[in-house]
Amino acid sequence: MSLNRRELLGGAAALGTAAMLPKAVMAAGTIQLGSILDTSGIFDAYGKPMDQAMRLAVKEINDAGGLLGKQVEVAAYDTQSDMALYSQYAQQLTRQDRVDVVHGGILSASREAIRQTMRKTKTLYFYNVQYEGGVCDRNLFATGVTPAQQVEVLVPYAMKKSGPKVHILAADYNYGQITARWIQKFVEDNGGEVVATDFFPLDVSDFGSTITKVQQTAPDLIVAPLVGGAHLSFFRQWAAAGMKDKIPLASTTMGVGNEHKVLTPEEGNGIMVAYNYSQELETAANTTFKEKWQAEYGDTTAIHELAVSTYQGIMLWAEGVRKAGSVERDAVIEALETGISIDGPAGKVTIDPQTHHATVDVHIMEFDNQGMTVIETLPQRAPIDTQAVCDLQTNPDDNTQYEIEI
Amino acid sequence: MAETVLETHGLTMRFGGVTASDNVNFKLKAGELRCLIGPNGAGKSTFFKCVTGLLTPTEGHVYMRGQDVTGWQPHQIASLGVGIKTQTPNVMDALSVHENIWLAARRFHNVSEAHGRADEIIDRLALGPIARTELGQLAHGERQRVELGIVAVADPWLVLLDEPAAGMSAQDVDRMTEIIHELTRSAAVVIVEHDMQFIRSIAETVTVFHQGAVLIEDHVDRVMSDPHVRAVYLGKNS
Amino acid sequence: MDLSFVILIEMLYAVASLVLISAGLAVVFGMMKVINLAHGEFMMMGGYATITAVGLGVNVFVAMLVIAPIVVGLIGLIVERLVIRHLYGRLVDTMLATWGLSLVFIGIATMIFGNTTTGISTPIPGFAVGDYQINGYNFFIIVVSIALVIAMFAVLRGTRAGLIARGTMQRSDMAAALGYSPDRIYMMTFFCGSALSGLAGAVLAPLVGLVPTSGGAYIAKAFITVIAGGPSLIAGLVSSATSFGLVSQIFTFAISPVIGEVALLIAAVILLRMMPQGITGRFFKGKM
Amino acid sequence: MGRSASQDVLITLVVSAVLIWVMPLLISTYTLTVLVIYGMLGLSLGLIWGFGGILCFGQAAFFGLGAYTYAIAAINIGESTVPMILAVLVPAVFATLLGAMMFYGRLTDVYLGVITLVVTLILFKFVNSTAGPQYVIGKARLGGFNGIPGFQTLNVPGDPDAYVWGDPFFYVCAVALVIVFLLVTWLLRSSFGRIAVGIRENEVRMGLMGYDVAARKTVLFAVGAAIAGLAGALFANWGEIVTPNLFSLGQSAEIIIWCIVGGLGTRLGPIVGAAGLAYLKFMLGQQSMVDNTLITGLILVLFVLFLPRGLVPAIASVLSSIFGRTKRRPNASRTRRARHG
């Protein structure tokens, strides 16, 4: 690809547009942080707390005197759960608002919709969401957990508690497909067997036949990376059929958007999960964080994994800026690549220079009375899945989302 | 001997258990004007619909100029040069008189010829003053007249009319009679009607339908005096 | 043996839930020739009404079977008075207006309840059939929809209101000529239709997680079932729900839930292509 | 039509030239591009619904099909010219088959609506469940819910490295819309277009005149689909990603709303409706006071109740009453009937 020509044309276009436009009024001497999240529409259960976390983080930074002596100003857009608006607002943020960094994107599709725009316009981009892993792009930092980080610890634990025969029920999209493969790998690595794998599109909400089918395969354990409101029905119908005490459940997704607060204790108790964050984490950092959230929003029930990832993502970026002494993209990337870490509400988060992903603490947890009780903490798990395919140190021009061959 | 333009062999149409049209054999010569009469439910409208392709007969065949057209679509039958007018006015209400007639002419002629033909028919039917008016705003009689114009503009050799005089004023009926006579100069005409007054004024040969079958087929005067026909119309069984 | 019994129950359940999902829409369409595209949102509101009532301490069955239908029926009444009544006889316009209303309801529900999935747990425990566990709530849904069909039949056959309703279905002008105000009949019909939608949403709520956009999942299925059923209210509803329910469950068990849904949709296309007036337009003409 | 053909073309060209020059001064070209694309999509439904009486609940199916065809072909071919052509042809062929099935089956209004809706749902469900690695066309993974990113975007024909993007892409889209608009104008002035309007008004009569109604509706339907497909391909280029949402009922709904709000039975209405509402949606995303779905819904309800003919006819009648021009009176019953088609 002749990138030069493209950049030339595009650059000229951007310049031309900017010159003609009434430039967004921005106070000189502030740092612009762009945010692009679904705060309305069907994904707003994820997006709203993320937006709150973002604003909380920025407020904290500003209250402490800002970055490099400048205040951080937020330019936030609501993409209304509409993929087309991601492209539009990404252009708005990069070409008109000319922000210094963009945090945001929820679904993988939304990330892919804006990632190239960020890259082309050389705008540093943070994607702060648990996702399927494998994105290799020097311009992007992904601070959420990836499947291997979760599955590697969750599967052995769950199998030890139940048995070797595993049935996988996964959401039928990118994330579910990739996670299912990782589950299969770790089940086999631990001497188990996957008896069946079923995929469900995100709008399937009737699991009656599935529950019958699971009983035919008679597994010892179900691992269910199911996603979203419709799939929540599975856990409810599973309990309603009286299966909950017969076959244990584990999930890599349940609870990311606080879904466990919707299930009753009878439906939820005992489901095994592994995440970076839980509201029930009994650490000083988490207590402080919840107090700050409480002071700002009055209610901490909305905090979830993705909100905390966002908060940590912004703090990592801020740390990078401090270290670089500049908001200029390349300087910040270099600073982040030194392996910067912060202590977030969920523990220590370190940037992995090789992949631009994060090394985080992973907690094995079980649902208990609509909370997530930490059973075991595994500190500083590296993003081994992405590490297997991506090395930005030797190949900084890489711009691919790899599907990791296992 | 004039050519046979329309012929049916054993035309039968059943709806569930009801036989609406029962083994009808019918023959029409070129240039002939024929009225189909009969009380309500006698099967004349069903016969009409089978002939025009609006219904596909259960049994039997329809021939036009010797060609088997059984089961053809209305548009295929119309394309042969058959003009059809259904019972209720079937026109394009949001279009003007001229547009309505032009569309009919356009089927068989190119754009400019179609304009010429349309203008000519509009003149002939004295529709000139309302040529640019939308049909939705016209009176019933005028709309019926426009529909006849639509039929006439295509130069048909066979014209099938279902109750053309229904709901019209005496004056309108007179004009209608005139137009139909004019049509017979170039085409065979079949009229489904039960207005006896109108039939007397227009018909020579009439075919009487009763209970789906042909009861009698003869000159209008003889039919009118036939005791069977009278009985049928008065509802008695003879 | 156990397995075939379980599958049989699943099939019955599929048919029953289709009946339930479509009943409200069928009543409104059958009587008024109005297609209420906000039907799914009425169901969604039925679900929220139930959850809210249960949250306030009401017995779950009272909430589902009494409170939700009444609440949604009243909402329907308001909608009918404000919007639908101005659009009678304009099929497409009512579709568009109710479509707009569905968006409005989604918006309002989002503002009140947020987009977080909520729900209540099923009030009936599961039980074992041989080696298999089945969801006891499925039986409840089957029973409710059978009761519903019988009730609809009884009302239409056995009551004065039903007689008027049947008359209106056949010839709306006749009812008016007999001195019954069509305005009132339509108002009542829309109330009943909305209440049925509310009931369906309420009864299905314990099985699924509820979000303001939940209605969208139902409307397409209900729409297809009602149209494919054709002009006869009960016969159409039952016959098309049965055909679609069976087709989708057979494919679900044989292959996967997605294929089941696709099979339902393909069956609808084939059915409508073969019988453009719906099943009852062809086989049950003039019955109810 | 009131004006002569050449006048019409001249006015269209002048007005669009002015707009293409002025609009980028007011709105960023990136946003304008998508407004233009949506305008084209609105026009595609406006043509078949407003002038052919075919209410299609699944116009988004053709839009999505165009976008996916482009993306898949572009990945496999690596040059954008053939993919662009395919993106127009594939939806048109698909619509021909679908249309023939429906129109020769004499399906009308609601039943037609159900079939188009169902077909859209099938496509959506299918594409949505293609996340697995087994769903590959040539080199292109279908990607399921996540869609397909990273395909070759529009290039100067014959030179795969000369990308057309940014401002130039806007001009390409704008000119494409003008060309499509002129083609639609020409089509509607032709006998074919006038016959289509006749069919919208009275199918039976047109059949009795000897016109093969089913064939003509099928052709019109395919033309609409081709335009939607072109819009889809341009959209794919604009967003640089295609996702199953393009096929969604929500997308179909929006197209219908654009037509209603803009005005049915006009060529300009659907374009104005599409661009206006899409821009409104874009503006609403910058506030969080009121839920945006609510506003869209309210607009639709209010339009159906109070301005059922849509904006463009309403403005036209206001203008003509102010300037007292003896233009043909816009007929209310016309749009009404069209909708019931």
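Read from first to last, the chains carry the letters A, B, C and D; within each, the first residue is number 1.
The working rule: a contact is a pair of C-beta atoms (placed from the backbone, for glycine too) under 8 Å apart; a residue touches a chain by one contact, two chains touch by 3 or more.
In this text the structure is predicted, and so the values were computed from the model without any measurement.
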Chains touching both chain A and chain C: D
Innermost chain by mean C-alpha position: D
Pair joined by more contacting C-beta pairs (C-D or B-D): C-D
Chain at maximum distance from chain B, centres defined as averaged CA atoms: A
Distance between chain centroids, defined by C-alpha means - chain A, chain B (Å): 74
Separation of mean Cα positions, chain D and chain C [Å, integer]: 32
Computed distance of Cα centres, chain D from chain B, in Å: 42
Cα-centroid distance, chain B relative to chain C, in whole angstrom: 47
For chain A, residues contacting two or more additional chains: 40-41, 172, 199, 201, 203
Sites on chain C at which at least two other chains make contact: 110, 258, 261
Touching pairs - complete list by chain label: A-C, A-D, B-D, C-D
Contact footprint of chain C on chain A as seen in their complex: 40-45, 48, 172, 198-201, 203-213, 215-216, 229-230, 232-233, 236-237, 239-243, 246, 257-259, 262-264, 266-267
In the complex with chain A, residue positions of chain C that touch it: 3, 6-7, 10, 13-14, 17, 110, 114-122, 124-128, 131-138, 206-211, 213-214, 217, 249, 252-253, 256-258, 260-261
Residues on chain D engaged by chain B in the complex (per definition of touch): 191, 194-195, 197-198, 201-202, 204-213, 331, 333-334, 337
Residues of chain D touching chain C in the complex: 55, 101-102, 105-111, 113-115, 117-119, 121-122, 125-126, 129, 249, 253, 256-257, 260, 290-302, 304-305, 308, 336, 339-340
Touching residues (chain side chain C, partner chain D) in the complex: 35, 83, 86-87, 90-93, 95-97, 99-108, 110-111, 216, 220, 223-224, 227-228, 258, 261-262, 265-266, 268-269, 272-273, 276
